[in-house]
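Each chain gets a letter, A, B, C, D, E, F, G and H, in the order it is written, and its residues are counted from 1.
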């Protein structure tokens, strides 16, 4: 950013650029105004990954408009989260998408080749946590990661978890997804030597209070190396895991 | 109780008992009025175990008065919970007591011989949970149970728990005590084949909200065979465990 | 477990078993992988009772698959909880089931003969608590217990409770089920000399906050010998009560 | 009030009162301004009982000033609540007060003769609830009511409550005071045929959450004829009970 | 009750009653067992008013059965609360009922003549609180009270309240019903000299949290002489108000 | 008000007005009683703006009735909030209304010319907050304000906000509307030199707890000059902003 | 800001400023780094009022250092909030301050002449709310406003409020401060025609939950023209009120 | 682990190891039992970093004992968190420690050379958050990371944050620490292209509810690439950041 400013200033000094043009450049918005949304077309430059579309509360037309804008801006892989089957059906008529119904998540464009440091393991406590896990899984793959899914290995049958000990020890990053008492994060966190992202889910009833129980459990994990995202936020966990799995040396 | 009424009625019919005496008997209070408390001197008869004294919010004099009343009523073992060291010091001048400072619990009279079905295992997640565990342990022993203490075997180091697998498998009843995320209850619950009593503790900080996190975790345990008592309620867990450990056939 | 390891080691030493076979045996997973679930086929061995199927959030096909697996593994009684009438109808075409619509619970296979220490009493505060009570009742019976149901004996009409005093005194274990203020647990807990499992229900409105009021009441019960399970968790209460009712001496 | 306005208007019409005097009268403040407080010297006229002084957060000097003002205004009985022993000691040097240390409540002036419809019964669940009960008791007596105190009759020993059944049946109004699970209100409410005022107390620990548990219990009482005041609000309960006990026909 | 026991004992002594008959009398249940409910046919004797039927969660058939039982037991006025229009339609084919759709409350039998001490005023903060107010109003009338309804006099337009000052000053009991910030109870409580029953309602949105805001407001009312019932509990408020309005001297 | 009283008194003194007429005048209600509502026809006089109609929980007929009353009382612009499209359709047959479907808000009568001190800026964090923003926008315009809408400028892409810095610096009042973490209010509050009204929205999921997260954020804003209204209360924010934008010197 | 950039660019073009100097100017930090704090010395320019010092959690030395920095930067009036008497004593040795002990707030430098649109009225519900009111009052005065304090006019004695009706009607802005049920905001909000800032206080006990009750009340106020700041945030209310009281036309 | 088992089995087969020795090896505990704690001496092997000592609730003697054990086991750097100055003073007599009083954290042994991928930036919203930041900072350095601290750059003065934009863009991992509304995490999260760990702090008052407000804000962050740890958990954030900063390729 700094260099850009310097270059502009130099151009102005050289007379290669008028003051007005420089003004314009310095104020030029790095997003495209669609009226109902300001689409961030520079995010790829700024943050290394392109804009993601949050589908909830947007009409099919709005989603199509945003996807068009991003494609035109050159983004090769576009993730659309919280997308209902109905909207996915409409969207699929305009764009070639890969839709995962369990995870309610679609990808427009191509899945990149995995280029991360290692494999991301996604573990769930039970069968009911699978939708959140699928959202995380698609997100990881769309961001260039290899994924291993270990579903239904909750702590009430600790042997199921122990049987997968090697997978856990060899993971680059682990996403643990659990509702109810959310104990999976602590047990996995104690076994693993890699970063663990914990996702509480709203699975449960009564005193689970829509995920509050699992959320508090995970925040209070007695294991180190565990950080938490919002309830049911499979996308957020996948995004964070991908960032970690793509770490590289910064001088 | 029914038989007693019948006997009284028969006596009245036979003329062996006057109507007024029968009235008296039917209304006779099974507790002793001390002004500041109604001491339940029949509880041994009614519920199999004697009255327990809750020390919090009572003066040393009140506690001494209640213990006197119970001793006079023939109770051989008297548990006094939530007893501060200061009050314990005063009490020890009037009665021969066995005081556990960590658990803030005293026993007046003698500890009975263990006569339960098996051994009660008391497991804690961490070192900070020990006070609650000691309260449970003294309670169990005072009610006639053999106790095995497994402290600091929290799930973040699952091997510590697995190393004690045999003790867990051989327990008659297990009391799991944990703060923070309270995951111990679920993991033990999944390994054991006996009833598990879970005690959340107020150990932790921040989002543990004084034990709320562990409480919700334990209530939402995905393992079957787990029931929960109040936060920090070591006595309640010990009492319940003892009842279970003294089960016998009822025709 | 220990003996098993020892036997394997002895066999290897004797040359009766190859190293590879021993490896296999030691690593053999005690669960069957169905893709969407890891069915625990060893639980009967490990914990004395077979796997229970939680129906919520599973498709009819998944449930049928799991039941098949368990039947093939030799489990004689299979409990399926939180089963909607629609799924029950589908399931009943593949398996011979006994479905309790109020409790939304089904049993595949046969109900065993009662072989517990005594009778489990299930008491509810009101008529609206009956669905939870039925879930508990079917669970108890499917696990080999005799059950007595005392419905609608809430504390606002204490004579209804007192009229059943004998049943309460003679119970082996009591399950108290109540919503609203949940006071039933304390009153029953004060009368009984056996373990009491308390189930708060979401019955009520306004400040009952979906069962929170009853839950807190039961956790704070001033009576000893009361432990609590999750809101509306009739199955959990039944399972715990059955475990207690099948206690036996462990050397 | 209406008549007063009419009289003023008539006087103005007759010329007996100037417009300015009438203006003054119509705007005359029915309270005395002390700078730090506006003392309500007309409350006796307006609401039948005099001003009550809330001692918390007021200095001894402020309290003395307010009491002086009320005495000068002719109030014969002045209740001062939430009064610490230290402030009570200072106050007693300026005014002749009757101080109840347990209830932290003082009365300046004389206790009136009981002139209510009947007796107010004040029942507590345990010994620790006595401070709140004493606050209620002094309030009732200072407002002209006969009081019967039944302390430590909590529902965990229902026979203690049943032994007092007659007192409960004969009460004019009942104040039930309980912490922990607060079940006393429901049981008493189901037995009594008079209005019941329920006071939750902050007695308890863990999941009592400083009285929240008892508060919710009492609000959800399944018994009719129960209304609730704030946690630990013995004064409020006593005031309400006194109002009810002094009901009379209004044409 | 005491006399009854004495009489039975005397009869047994005189030989006028056999021991078995006495046993029977002493144990005779004051409720009728319908299987799904224990109908309290003695409540009129015990508490002065008959049984009330809570319609929610009961089938039309169950309600009809309970109403039949009560009519046969001689109860002249039967209140059925939380009754949906659909069930009311079914019920009206079997019994002559007066149904108030706004309040979802029906009365079978006749409304008694008002015989209370005075008039019960029912005030609401807004138009949306009317359903709760109607439930209270029908309850009051069915229990023998004259009712005056003052709707939509919330504190944001204090002149609407002041314009009704006389009605408030002349009331025997006042029921204040408000959602949102629930301030009506405090303002009315400060103006009135009679008992005030406050009913928080779930009217509002956002931070009203389904009535929690109004509930807390009312519990914390700075006015004396206010007691609170559960959120939306119009029936409970009406019942309590009626009890207060029927107070009479007890020797 | 004072002068009015004085005038009445003078008239009475002069004999120009009878005592009875004066009584009437002093008691004359400044609202019109419709049975289901007390319409405040004097609010324009008293508070500078006319009555606003809250559409939720009112029938179309009731709304039409209230609007008629206000029009007859001479109110030129009538705002109807929380109006469903169905009711809007009915209403539009009786009155000429301008209906904003996103904001569920209608205006009957004419929009006044903007006459405020400056421009009100309405900023939202995301696209999903637009309905609340539209409610605020219509309210502002109907109350005589010029409005600038800046939608989807949430803090996660701070450059979108910075690009609008000038609009923020030049605003007269700013309304910031955001769900999820609600950080927009703090960042805008730190940049602006005018009053900021913050509106938390219920947009979000999981730990947003229906707007609680944004509400707490905004209340805890580390920026000065920010005040908060209820969750989703676009109308309230618009009304408050308009009041501020119409400030004028008061001697 | 824009002009400044333009000027710099022009200077660069003219050769009057080197590229490096321009770089420097564009990046020059508008705050002074003290190590433990970044003091905002440009705020007066940017937001019209100078930096305010939050005393809590800062040492006396840190506070002295920050005040020095601000004085050196030319700020004439410096507000220090949440300042303990001990720190105030230390601070007063280095700077000439005006300390308000009740409000725990100090002002270094001079109080400006009032130059607002009118008078700010600060009203409290009770005597215990005075500390918060004093914090607001000093803040308002230090920011150039005339203040009128109306203390102890809570709604339980509505005549105290009505007696001050004129003051309320003539206010430019009103700050209402109340704990417990916080109803004052709604009643004042309904009477006033100016913006009302509501401050909930932590005054109360039991179900006031440290100010939560008053906070929710104020957020749910049924009166329009009310906005809320954090619990006990007298400073924030004063700052907001001052901003509103200094509104002026923006073209 | 697997290979180890195989080797043991081979040795047994070869006769090189007796069955009993093999039994012993397979059961050998990887922790040292101190009675009050089970010190994990294998963690370095298992998880790459040594055991960390949580000082809260442990006596000085217990801490010294654990540190001795770890030193004897060869651990070179030992972190002791939540260590009071008093205990630190005692500990420093037995071991050479580096104690950070603000962060209440000590390091025994040597700080390793930084060997991470890049620099960890630790940013706080205000001065009061510094203790938590120091805990994080010492943790990071003790685990081999270079740290840059940016304190007091909260979002209310966004220019302070923008002035540090380059540091944020060049960070390897960022830890954002903020209380009150916690908005810093979202703004930084939107600017950075590296993983962000958010730490809510208990700094604030009133509706911050001891950190709940900041916690919810951070969990609901609209920025991607943000994960959250417990309130005030500086250590946890530092540990997680270090793990991420030491990521390396796993085949």
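Quick note on the criterion: contacts are C-beta pairs under 8 Å (C-beta built on N, C-alpha and C of every residue); 3 or more make two chains touch, one makes a residue touch a chain.
Here the structure is a predicted model, which is why all the values come from computation and not from measurement.
Note on connectivity: the fewest chain-to-chain touch steps from chain A to chain E number 2. For chain G, the chain with the farthest CA centroid is C. By residue number, more than half of the contact pairs of C-E reappear in one of the listed pairs F-G, G-H or C-D, namely G-H.
In this structure, the chain pairs G-H and E-G differ in their number of contacting C-beta pairs, and the larger number is found at E-G.
In summary, the pair chain B and chain C forms a contact in which both copies contribute largely the same residue numbers, shared numbers making up over half of all those used. Chain centres here are Cα means. That of chain A falls 59 Å from that of chain D.
Put simply, the C-alpha centre of chain B and that of chain E have 41 angstrom between them. Contact with two or more other chains is made by residues 126, 157, 206-208, 212, 215, 219-220, 224, 230-231 of chain A.
Here the touching chains pair up as A-B, A-C, A-F, A-G, A-H, B-C, B-D, B-E, B-H, C-D, C-E, C-H, D-E, D-F, D-G, E-F, E-G, F-G, F-H, G-H.
Those residues of chain F that touch chain D in the complex are listed here as 5-6, 9-10, 12-13, 15, 19, 22-23, 26. Every residue of chain C that touches chain D in the complex is listed here, in rising order: 125-126, 154-158, 162, 180-183, 185-187, 189-191, 204, 206-209, 212-214, 216-224. Only residues 1-2, 46-48, 52, 117-119, 165-166, 169-172, 192-195, 197, 215, 219-220, 224-231, 235-237, 239-240, 243-245, 247-251 of chain F touch chain G when the two sit together in their complex. Per the touch definition, chain H reaches chain B in the complex via residues 27, 29-31, 36-38, 40, 43, 54, 56-58, 62, 200, 202, 210-212, 215, 230-233. Interface residues of chain G facing chain D in the complex, by the touch rule stated above, are 126-128, 130, 151-153, 157, 159-160, 163, 203, 205-208.
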